[in-house]
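We just call them A, B, C and D in the order they show up, numbering each chain from 1.
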Amino acid sequence: MKILTREKNWFDQPQNTNENKHLNEECGLFGVWNHPDAAKLTFFGLHALQHRGQEGAGIVSNNHGQLQQKRGLGLVTEVFKDEKDLLDLAGKGAIGHIRYATAGSATINNIQPFNFHFHDGGLALAHNGNLTNAVTLRKQLEKDGAIFSSDSDSEILMHLIRRSHHPEFMGKVKEALNTVKGGFAYLLMTETSIIAALDPNGFRPLSIGKMANGALVVASETCAFDVVGATWVQDVQPGEVVTIDDTGIHTDRFTQNTHRTICSMEYIYFARPDSNIAGVNVHTARKRSGKILAREAKIDADIVIGVPNSSLSAASGYAEESGLPYEMGLIKNQYTARTFIQPTQELREQGVRMKLSAVRGVVEGKRVVMVDDSIVRGTTSRRIVSLLKEAGALEVHVAIASPPLAYPCFFGIDIQKREELIAANHTVNEISELIGADSLSFLSQDGLVEAIGHNELCLSYFDGKYETPLYDYEEEYLKSLEK
Amino acid sequence: MKILTREKNWFDQPQNTNENKHLNEECGLFGVWNHPDAAKLTFFGLHALQHRGQEGAGIVSNNHGQLQQKRGLGLVTEVFKDEKDLLDLAGKGAIGHIRYATAGSATINNIQPFNFHFHDGGLALAHNGNLTNAVTLRKQLEKDGAIFSSDSDSEILMHLIRRSHHPEFMGKVKEALNTVKGGFAYLLMTETSIIAALDPNGFRPLSIGKMANGALVVASETCAFDVVGATWVQDVQPGEVVTIDDTGIHTDRFTQNTHRTICSMEYIYFARPDSNIAGVNVHTARKRSGKILAREAKIDADIVIGVPNSSLSAASGYAEESGLPYEMGLIKNQYTARTFIQPTQELREQGVRMKLSAVRGVVEGKRVVMVDDSIVRGTTSRRIVSLLKEAGALEVHVAIASPPLAYPCFFGIDIQKREELIAANHTVNEISELIGADSLSFLSQDGLVEAIGHNELCLSYFDGKYETPLYDYEEEYLKSLEK
Amino acid sequence: MKILTREKNWFDQPQNTNENKHLNEECGLFGVWNHPDAAKLTFFGLHALQHRGQEGAGIVSNNHGQLQQKRGLGLVTEVFKDEKDLLDLAGKGAIGHIRYATAGSATINNIQPFNFHFHDGGLALAHNGNLTNAVTLRKQLEKDGAIFSSDSDSEILMHLIRRSHHPEFMGKVKEALNTVKGGFAYLLMTETSIIAALDPNGFRPLSIGKMANGALVVASETCAFDVVGATWVQDVQPGEVVTIDDTGIHTDRFTQNTHRTICSMEYIYFARPDSNIAGVNVHTARKRSGKILAREAKIDADIVIGVPNSSLSAASGYAEESGLPYEMGLIKNQYTARTFIQPTQELREQGVRMKLSAVRGVVEGKRVVMVDDSIVRGTTSRRIVSLLKEAGALEVHVAIASPPLAYPCFFGIDIQKREELIAANHTVNEISELIGADSLSFLSQDGLVEAIGHNELCLSYFDGKYETPLYDYEEEYLKSLEK
Amino acid sequence: MKILTREKNWFDQPQNTNENKHLNEECGLFGVWNHPDAAKLTFFGLHALQHRGQEGAGIVSNNHGQLQQKRGLGLVTEVFKDEKDLLDLAGKGAIGHIRYATAGSATINNIQPFNFHFHDGGLALAHNGNLTNAVTLRKQLEKDGAIFSSDSDSEILMHLIRRSHHPEFMGKVKEALNTVKGGFAYLLMTETSIIAALDPNGFRPLSIGKMANGALVVASETCAFDVVGATWVQDVQPGEVVTIDDTGIHTDRFTQNTHRTICSMEYIYFARPDSNIAGVNVHTARKRSGKILAREAKIDADIVIGVPNSSLSAASGYAEESGLPYEMGLIKNQYTARTFIQPTQELREQGVRMKLSAVRGVVEGKRVVMVDDSIVRGTTSRRIVSLLKEAGALEVHVAIASPPLAYPCFFGIDIQKREELIAANHTVNEISELIGADSLSFLSQDGLVEAIGHNELCLSYFDGKYETPLYDYEEEYLKSLEK
């Protein structure tokens, strides 16, 4: 069979060592100014943002101008295990960062916020996003004698600030922000303030909130406001640089040349359902996407199930619109701690079931609509379809609540190779066969925009139309299109 | 207001140090016979049963008759972190145990399976349940010179076996099983077999499965079969003692005097939705309970939400039956690792939001049906209602997918004091006011039986009719009724 | 060469997996009564006794009758890392134990003090020594239904006490002490006292001291008194059972049939030089042994060096008596933490130098007297001789400050196999050749007695004359003599 | 009493938070080139140098030009616990570093070797010593835009190299070495070589050795050669920069302006007795210092004891020359793991006895010569004298095997404040009274030079004559002289 052969080719090619890789968001930010428990609030804020990264976490506190850092590998609750771990982080200001897990060696040097002590004061920095001209900038800076203490591109902004000849500190910061390109949300902490800045496209969310006692907070997602009892005040807008200090919030901008294109993947997959991005609730957008998908796909089936947890909103929307029962056909084990214990060969052949189980009592003898948020390589989809069929599902119709993901992201999402995307290499019918589904439907791009409710979106994943030059990635990207 | 005063009284009285206490299941069991990776399969099996207990975990393996033990405090993935931790547990047989977290000092001495080396061979033991005559038995055994190595009542069976004068080993075991009273599922491992036994009421589930290669497995819940690729063969029946050895499964019984009354809480709250108990899928039973509840409660509202994760099945059933939209109005943080970092006083006053958040974008301006599985003290319900109202819900109608919980359990569930149960002390209307709900509905007892689909159930939580004598607990229980 | 062949045979035969094995003392005891910091003092006391065992450590405290235990594998400072680890051990009484490292699997179940909770009170137990009728007693107890929670013979006494039909507690204890045979120093802690007992031969040291504030302490060696500021009051005598409680010290005895034969190895090797045993300072006895050895051996040489640390006293005595310079020809690395990093094959072939180095600047071109306390298998001696020769020593004359060690110990020292002792299998000349020395001298037995200064000693290591029956070991021992 | 008042003043003044502070050496270096187990040999080499620092340790390996780093806080055996910890450090070259413990917060950022990845290759750096113009250099570099990743001055050299405009790499290195001032031994590792360099005064020892298989090693002390089976080849001379690569050893120099003044404290206190510095064995020099001290001090006494471990060589020399018996009057506990458990107030008042005990059986009733290597603040000496007197010593005559330590060090020893040195503030008679001794003698400066056997020494500790300008320290030093 031609397809089987191709299937073998597709899934077996060594494109990626991280076989079960899904889309990964690059990091989460949180900051507090003017609260006696700033570091502790930051701990809770980072915990609410934990879904944005699990490789490492750190906090820098500001104790009357003294910046203290603690950082480590692992979850926020692993890095900060008990009160003792927060003891050194006294002070009324703090910024924190969580870092996502990449393939390759994790090293503490890369865990943020970075904290630098200069003879003329301290400066801390945390970054969410991806710079597109980082390689060029770093090389040039090194040629000029710069020494980087991390492998992270986040550090570049610090070198640009320190090397700027602008006489004012904020002038140096603005100059640096205009030099870096790509997607970035930055938090800086000086001895007297927190500075938040967002790239001219505003790819990543970044919001400012206020606590009852007047303390100000800043976070990658609004869900972190709830956990500390803060309420939303304003979003940081594209091209803005906002200073938070003892006198309040000061909004400025480093460029007028902006064009908002929020990363659509934040709505589709990354953000927590209880966050609002640009005023749109994420769960609500997802549920609408499921409803529109139901109208577009018109699948004849018995039940609707979602892949936990990110697809449950869309699945319930699909069920509601289609009138089919919404069932719990897949169970995710809540205890998902990392383990280095590998399944036996026998277990591996059956597919990894440690995290996800099909519910035989639900799916047996049923024609199932399995709603998922997206397909990257297809490996996971193939496994879940297989799980459902082994559990007795008569038919498995895969319905994806976003368009086919065919182009890489260069602004903060960890998919930079087009050859790893199944939809960049196969038709919908081919993918359906490759993953063993009885049918495969994708939400249309118009449907996605309708579900989210506004069109200030980066949709380049789906159409390859990037809103801003790709700089260092341009050549590689063009080459990837030729294949 | 009288009620407000009473509310204060109820929630403020120092009934329980563990303020957010919910019902806790006592333990989970898993065993494998005749598989070269017995200990590793047991690790995966225990991981699937992790919801049944998080205090500690252990495995005893059987390597040609040599029993080796490893056990520790914490989650299965914390006790067994990498392959090295399984290295000493070679052999073709293994039994494992997970222990639930109680208040008070956790000590490794109590972590099971217990493993004893005698001059005439080894014997390991794991236990799920609660004995009602344990205090009397232990005291008598100690008077006769017995030394217990743990505080656990589970150890009693071992002393009874070793002190039995019956000439045959299985005779000793049966004699011991007839001496202990209450709720118990036991796994024993001898040098040549695994022995599984269930109390005459069969309060706890215990099933036997088979792997493709012929290896036999035994588990507290069938969800653990899926994770190792086994299929269900038979349930251990009340009063049975089943021997699993190289020649297969040998079913025997230690008593004919049996009467099956499966713990209804297993269906309502404890068991994983993908498990089947007595042939009934747990998710399906819960969804049916939600449907029946919708018919019984007839609440006028805009949306239905469930309290994650145990109430989502019932909530979707309620939504489906009522025709109201099923929404994600509450989000549970997936990263729920234990932390010893306490919220600030300010945060505590707002209620603990670290684990659960309300989704403002979903509930704001809505009349909400909030479906939960049960109410114990009412503290958690009050907090969630408050969360929803702060997030803008117009009305919060609490619908409980089980009858009022008014009587303690003596057979393996960690609620032994009637004075801690809000429904034992207040009317439904009072409870509704105490938790701040706009209305409160409970599923009827008949509705529960209909949802589960059979009536071989222990329903004493709801009606106080215990199916078996209470022995050591009798006096205290009768006293509690007088209040 | 015949000898070379024999050498190969001797060192290569697989007698012992622990190739560098030296003599190992079995454990150390410490207790405090009537001091508010009882557990902390016990921590410091155990630290002073750390040389008596490194496998594990534990403390049981007595808080108004409540016995609390903490124990773990590793050094005292590893088990009790910070104040937090002592927090649960409140109370005015405490006993502690350190356990020596044996080959084989270390398990926390065997770490003492054992702590048992009975319905009629608590009882803790710690033991230093070795019982000779343990196998027989345990087998009989198990036949009578006893369940042991450890592999340790120390637990036997507890079973005997609990099974005694004597009406008084102290009567039960005495009855039990008369049932166990061999070498034992016991500490028991009841709800109201510490009880110390010593076997009829008094093989192991056990002393009682007093602090300035009246608190009483008991320790295996007097060096532990200094560390807590206590002064010596009395030694526990053979056959005595001493009760320490709020009213003071009460000396009683469980038998009149006593005959003091203190283990000579305590003086030669085990005890710390600053301890006094039966009123004799250990350093002084060792220095005297070096002096007598110098007189007996009359070696023509240039310098005297000792093998650090246990042989430095004897070496300085040898130097002083002989008039030869005392030099530091061997250096022991002070940082001797356990490591699992193995030397490369190349390094192994050169001998393990991680712990011990020869000082070329000292030994080069010199005729060296190398003083050591004893020779067990000869492996270590051979290595040190080789180290010294590679560092340029012209001649290496090995002088041992004790007689040839030719018979095993059954009373608390970890050498129970005659076939492992080089002096049981080879003449002095043969040993000299096997270890590559230019000459080999041993102290005479009379010289040893003279050095120690009294003859209430167990010298069976040297002459095979055991002062008490060997019970379970009798048969094996007689067989070993036939070879 | 005037003196008592002064004593109170001296010891009670808050000069130093680290009350028991002794002299601390700043770090140890080890490197290997051309050996398949380079990292493992470095582990063993660092272990032999552990006495030079206990705060942290690190290794950078060179795997075909790829530099990999592992570092951590604690002892070498704590940072590298098992083979797994060396797994990532493959390659035929490696350099390692151990860092000494300072007061203040230890942070992993300061643990060396530093390892930098540049777009044009990797470069690692380890440093032993102290730069005298570091503050000035760092400030200037930061003004020019440099960002330091550590608080350590060691990093300065790297910035100087990277900013040098010299066209050749070795030219950059030499330029940088001529810019830094003070005491320094550097190891650099490039993709193809190890580079060793020593300051123009050669304050710190640095030697090169060779293994049997041709691999080359470099170490701070020759004792590290023995542990890996290497033999000494050459010392790195003042002003030299030596390249070790696949073609062998290439000796070059960065300056002709050199004047060797080896730190005399290396001989007196820091180095291990089995090391040779400039061809002089350290133990031998110390023993000679004890002999000369005996001739100079002529104390009438009964016994000689040394303060373990650094003073044992001098004490045995003293005993030999004086004809008095050399005794073990002080015992150091071999188990010296760090603990955070603090002694009780009661114990503190008696002086810390956890590490050091007096041997009553040895010193009671004796007139004791207590030999120590040096006195810094006097706190420790006072405690030891007190220990000996409490143990019954009739008289305690303190004999110091070096001249009074009256001036700070700026080249790598952690005593930079003259006001902390008791001999800078008190006469010998005053010190004697302050520490409670019956007499106090110091070795003369001539005696020290005679004992070491050459006069290429830095003796500024004793006479304040610094061999090289003090740069950033000049002003502070001159001020301290005025007091």
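Basically, contacts are C-beta pairs under 8 Å (C-beta built on N, C-alpha and C of every residue); 3 or more make two chains touch, one makes a residue touch a chain.
Keep in mind that what you see is a predicted model, and the values were worked out from it rather than measured.
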item	value
Chain whose average C-alpha position is farthest from chain C's own	A
Equivalent interface positions on chain C and chain D, same or different at half	same
Rounded Å distance, chain B centre to chain C centre (Cα mean)	49
Inter-chain centre distance, chain C versus chain D - centres from mean C-alpha coordinates, in Å	36
Mean-CA-position distance for chain C and chain A (Å)	61
Residues of chain C engaged with two or more neighbouring chains	none
Topology of the chain contact graph, where touching chains are joined (line, ring, star, complete, other)	ring
Of chain D, residues touching chain C in the complex	37, 40-41, 43-44, 47-48, 50-51, 54, 75-78, 80-83, 85-86, 212-213, 223, 226-229, 272-274, 276, 280-284, 287, 309, 312-313, 316, 319-320, 325-328, 331, 333-344, 346-347, 350, 353-354, 357-362, 391
Interface residues, chain D side, partner chain A - complex	88, 105, 108, 116-120, 138-139, 142, 144-151, 155, 158-159, 162-163
